[in-house]
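Shared between the two complexes below is chain A, which has chain B as its partner in the first and chain C in the second.
Moving on to the complex of A and B:
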């Protein structure tokens, strides 16, 4: 066990290219024609419908799919953790055992010796009442080994962290603890189910880099389950794309990126946002929604959303066939035709944005707005400085994105503009006549559960007759692409994408002067996120609204906004035109955020450390504890870094003593 | 791994439990419908009773089954069965009345406190706690001493100590709901305080209040019977279970049915109340 990063490294294959060719013969796990069916309220839910897949020794296999595509079920099947009452057919072979059918003790043995697991939310997987050191030691065998592992997964000062409870660690550190537990005992395969979804971009990049370097060092295989094709392609050697419980496409990351052959993969690639997405046209969103697993299509499950679907697609689910050596695609249309035929469809679907006429008046003006919260009780009460003097304007019809890591104060700022939160100092002006409207991250929770959609939207329409109100509600629903019947439904009966549309309909049934959006897409699948972004853009242009859009993702900010403001620890550190900020960021923090954006075919550059605590913002430039360009002056308590123009236009401002120098 | 396991299971557990759930559900519906059955029986007491409960209908102190009296007759020849049925009717409606009043007062106070928050919440909850600390029997004796013995006075006294439970429960639910984004969304949509309280908060507290109330009925039946046993209920000759047991205790050794039958009536009512309450809880809060 103590071999973990020592001699074991000799057997590893560091070059991913080599690993795919050399190690072909040896698989650590192989899945053969796996079918998994659950029974729920009398209906059969077909979670997996015939998947065959090998995981090779030392490879990182990215498993990509939207929610409900069955990727987590596949991960659980590998771990032998499927519910005993699920109907499982086919085989899941790990270390010579069939994890789907062998008895519990054998599964436990395989898990202990050969497997490791990392789940999305480390908080629920770690025991909250036990110090992390003991938890890791339990699987690692000894305290020393545990401490060594914590160090190996990049936890700074592991000796002192051994005594911490899980809630005392940040999300990124907790995920590292989970990873330390997963690699304890040198497993052959680590199943990582959405290990970075709950984390900030910068921390996400750190964790992905860590997984990759662990693979390089100890030579284990990793099954990286994620909904983000870009994230998978970035770290994985091979990528498997799943749709509705079946494999759609499988190939090396480079192949799948450069020569995707399945219409679904292509649609995912098209709707995925990157720093290179075209800002001048609408995004190519995938129409429709993920199919209902209780009523599977007889033919290709993708047919209802596929631009190329024809009669041949409707008979039987197409099997994955080799389109090039080592590259499989499950589509009846020959791979060469797929790309050329889709290109035509796509060309027709692109809608260029109309030119925006510049307005000179501002809808929202913030001047040195400050906000602090009291945290703790009694003697231990402390002041948490959420906003430390924010200046920002949003022009009429303009869209501004607020970007920053978790805890930087984005949501607080938005809630202050909405009037949901008071502020302690500074000035705020919001142009009338009516109050701003807001779209929340968790759209489901923002809809009153016992009221119908019609009643919820109608709430904004007071003083008109019932028939008029119903007509307006139907019109608002049509605007967001929902049928009028939705007015009769309650929020629990809607899907995630539909809920977000309903909350947009409520916000726009009477057009507000400004629409506030708090991460409206971060809880949605990639394909849905693109259509919601299109929708917000369309509504804003049509209704002449301004938009203030909070996101932690610069590539989203870039396409939704005319201007971007980057926040760090309660201050805006850089603001300017979206193009300027993303092409020539001058503040070191913006630069770090940019390089952390997961992008295909590029190594992520992780920013070290995590945001400093807003309970005690560092003196001088608050970023200096993490800044790669910091000089001694930056930490000077007397230093007051203000936003200053970086060019002559006075449009692009940054708060860094080295940016303007 | 060892620790990750239960979590992964939890994710899938919901899918497999469903089958047994269907059976459980049917049982719960049956149990909950007992409320309706008992209420109907209470309403129909005049029809179901073989004799007038206040008038002698035959020889005194006949044993159960004798002289046409299914449960026997009492010391002046009244039908014990009829008296028990009428007594159950009184107890049942009294319990429902106290609960309805408790829900109303407690609901309003809990809603106002929870929806307003701040000092209003603090003051209202202090008052609620003060009432919660009052002992029911002592208060009942005081009220009856002041206003004279009558069932109504006892009910007033019990209601005074009963509503604070509901105020606490409703307020807790409302505070949880008030923290949900849907309330902020309603604020932004232009809904006023009253509208938010009634439309966006109150309906969410109804299930919890109903569950508590239905689990409470059995409890209340016992409390009221205890008070009337102490002489704090209806005055003679009206039929009442607790009082009938107390007044006829001297017959326990020779003519046991006279005091025991009303006592059994109390137990049956409380038992049915608890079973039905459990049924309601299982229906409203499955798991």
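Moving on to the complex of A and C:
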């Protein structure tokens, strides 16, 4: 891809690898002691509590934080899009204007000329009733320029896409349209707020690569807001870590990764899952939850969760101090001491998993299970082939992960095992006596809002006295690490992590033979996800349950599962022990998924294209259209790719004629 | 699009036949005997039998129903007991006046509704006047509104006429029967203006209620879509608030307002029948008002069928317009 971006391409581009001490670099935006307070239902919510930050010309600055850290508020402040009722103090300087206080028409002008924005969900962020060509032309100025931009962001056949509506494009293409709008008119700064969170892993890698190459071409700066430190460290030049409305740490990506100095950054790095995480011990979850922004503590906001917190932490929030040139950390404990003292704490916290005794009986057996859905009506009816013949067994006490991108059929398979969905062909056996229990991604939506937690959990207990029921509910809550008082609360009064614990308590109050988990951690913050994964593993061992765990993230699958089954377009393409799959993936699709997992200090490797439509799976091997190793035979309609043993191991099977031949 | 169109047309036919069935059986179970209604109470038994045979009332009921539907399809709705003319001929005479009034009312309701929605969404100064006035109008019964209008604008201010469709003698008889349209077709602007003056009061009286309903629905979707992600994207592009509302938000919001409009049309028909009495408007309302006291069943059911089919047709048009506005609605 090559871009010619007119006169603006001559803008001075600072070397992205330049050392952070290069203070003469010109700032495109500078935030000075920014405080933002919202008023919601009579309470003051302190979203930002004194943030100072410069964004240099041509750099990608990764802004990392969990929900409630204020990272998105900072992005909106830069765009001058904060709610007019918010109380804003400090300054946000972009192109010589204070976006926090200048009048609306001046802000509009700055947005139009100097800023671009990419938001999280490209489906809702594009106008659903306007053709994408017009949406891009609105900022690009002309149809021709819009078409050129669509081509420049890697949309194939841009001329024909000009007339498409957003719903006619795939998620990845939609996000490319958003990016085309953001780079139109060569802005100085692009604010990208979680641009890849709603996308599949392979597409996420494509979008990150695209953002970086656009920066290299037109020399704009990018503020990459993300909850994933790995994702930020992979493409950003500098990383800023935020916690509870303040800056915790700031430095070049390499520096922050190698010599993180703030206990929070270190905790994030520890609880973050990667393909190298230790599978034999429990994860190092960060205890506690993000502090309540309505009642900020006077001292360091991280102190209640910090292993090193001392009396000095409780007086005043520590200002960011330079620990090395260009590397700031807001902690009263000296950086050297932080690393050494935390290492000891960590050593003591590691709990190895007990060995699992192997069982020979199977809890779930699927044999050639097929499922298709009718899509559309009348003459346009088509069949969406969700499952195209799946064989899988889950042993007693075993944990199996189903991994795949959207459209792979992994969630359909889970719903069929749960009995929530019928299937068209094949056989399914689920061992009794209790029916499987399910835990969903959106724990908030899966709890009835007007019932108390006690009523929700107690629903599964029939025919026992009220006192017995209350005791069982309290016991189930204790199992998931919640106090018994939670039984009286309703789901709206709980935090995200607590809600997911409540759904686990509901699922396990009567221990099922198998627990079905549909992406239970993907909506949670990094620090909470680790504790939920630990919890599921602990419950499984304690109650002797099997677990079938659906996820799009191989690094999560690797930690929660004994075995991993990788799915693509309704078929299992590779299955084997978690270690085998992640250390020696055989199928090209598994290999592509592995390389797409965002990891620090490693270039993102993007698989071309997006998953094909399950309405018309490609003939032969369904993956051949994207496969880097495909040969002509792979697309042969008569080809029947079956799961075949890899290295004569009965445990490791792959469906690829190139890999197992 | 054609598939949806075919499906909707099919639905219109089915609903109309069902409506005809209901009307037919209402007529059957009513204690009124159409033969006595025609011949009078003193008619001899043989004359009654002969008339019954002539009208086909001695045949099986299902055959009668099929004949009724077949006749209705061909525009034969039976003869009115009162006027002794075919009901379809009567309707043809009275319908244009009602159609003109109802369509004007619909137009005014939509314009006022959109105006009010925009005024309150963008917090225009005018909204502080417009809103209470419209709310007051909408919560007053239509006929009171009409009478109040006559007292103020006719008796007191002499601004507008109080009765009829036109005060001119030489109204051109045009192709449509709608005086405003015919006048324009004939290039008679004096007639057009005169007809508009006659229309303003009755049309506004029936439009206020629907206008407020449309405005309320449109406003709430405008306000919620103003906070949507795509509106935020438009804002990030540097567009101004009115531009965002008109270019981006409006098209996403017309769906809800359109379905409300479709529902309001039904209420509006009821309003038309009443308001025609107040303004001596020579339309279907007058016709029905004269038919009901004498139990002129063919006339009443003819009007009911016509209004019912009109309601279904308008709601079908609304559905099609929604599909045009929102490309995600699969057709």
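One rule holds in what follows: the second predicted complex is superposed on the first by the 641 of 661 C-alpha atoms of A that agree within 3 Å, B and C clash if a C-alpha of one lies under 4 Å from a C-alpha of the other, contacts with A are read in each partner's own complex, and residues count from 1 in each chain.
One rule holds for everything that comes next: a contact is a pair of C-beta atoms (placed from the backbone, for glycine too) under 8 Å apart; a residue touches a chain by one contact, two chains touch by 3 or more.
Owing to the predicted nature of the structure, the values given are computational and were not obtained by experimental measurement.
S.K.: Could you tell me if A:418 is touching chain B, chain C, both of them or neither one (first, second, both, neither)?
M.R.: After superposition on chain A, A:418 lies in contact with chain B alone.
S.K.: Have a look at where A:462 lands relative to chain B and chain C in the superposition and call it first, second, both or neither.
M.R.: A:462: touches chain B, not chain C.
S.K.: Kindly classify A:81 by the partners it touches after superposition: chain B alone (first), chain C alone (second), both, or neither?
M.R.: Once the two structures are laid over each other on A, A:81 reaches both partners.
S.K.: For the three-chain arrangement built by superposition, which of chain B and chain C touches the greater number of chain A residues?
M.R.: It is B that touches the greater number of chain A residues.
S.K.: Could you say whether A:128 touches chain B, chain C, both of them, or neither, answering first, second, both or neither?
M.R.: The second partner, chain C, only.
S.K.: Identify the partner contact of A:112: answer first if only chain B is touched, second if only chain C is, both if each is, neither if none is.
M.R.: A:112: touches chain B and chain C.
S.K.: Just to be sure I read the superposition right, which of the two partners does A:577 touch: chain B = first, chain C = second, or both, or neither?
M.R.: A:577 contacts neither chain B nor chain C.
S.K.: In the superposed arrangement, which partner chain does A:44 touch: chain B (first), chain C (second), both, or neither?
M.R.: Neither: A:44 stays clear of chain B and chain C.
S.K.: Would you check which partner chain A:167 touches, where first means chain B only, second means chain C only, and both and neither mean what they say?
M.R.: After superposing on A, A:167 lies in contact with chain C but is clear of chain B.
S.K.: In the overlaid three-chain picture, which partner chain does A:32 touch, first (chain B) or second (chain C), both, or neither?
M.R.: neither
S.K.: Using the superposition described at the top, list the residues of chain A that contact chain B and also contact chain C.
M.R.: Chain A residues touching both partners: 79, 81, 111-112, 115-117, 119, 124-127, 138-139, 178, 181.
S.K.: Can you tell me which positions in chain C touch chain A when the two form their complex?
M.R.: Counting only chain C, the residues touching chain A are 3, 7, 228-230, 232-240, 247-248, 251-252, 325-328, 330.
S.K.: What residues on chain A touch chain C, complex-wise?
M.R.: 79, 81, 105, 108-113, 115-117, 119, 121, 124-130, 138-139, 165, 167, 178, 181, 191, 376-380
S.K.: Under the definition above, what is the set of chain B residues touching chain A in their complex?
M.R.: 1-5, 7-9, 11-16, 18-19, 180-182, 184-191, 199-200, 203-204
S.K.: Would you tell me which residues of chain A are touching chain B in their complex?
M.R.: Touching chain B: residues 38-42, 45, 72, 76, 79, 81-86, 111-112, 115-117, 119, 124-127, 135, 138-139, 178, 181-182, 418-420, 434-438, 440, 442, 445-451, 456, 459-460, 462, 503, 506 of chain A.
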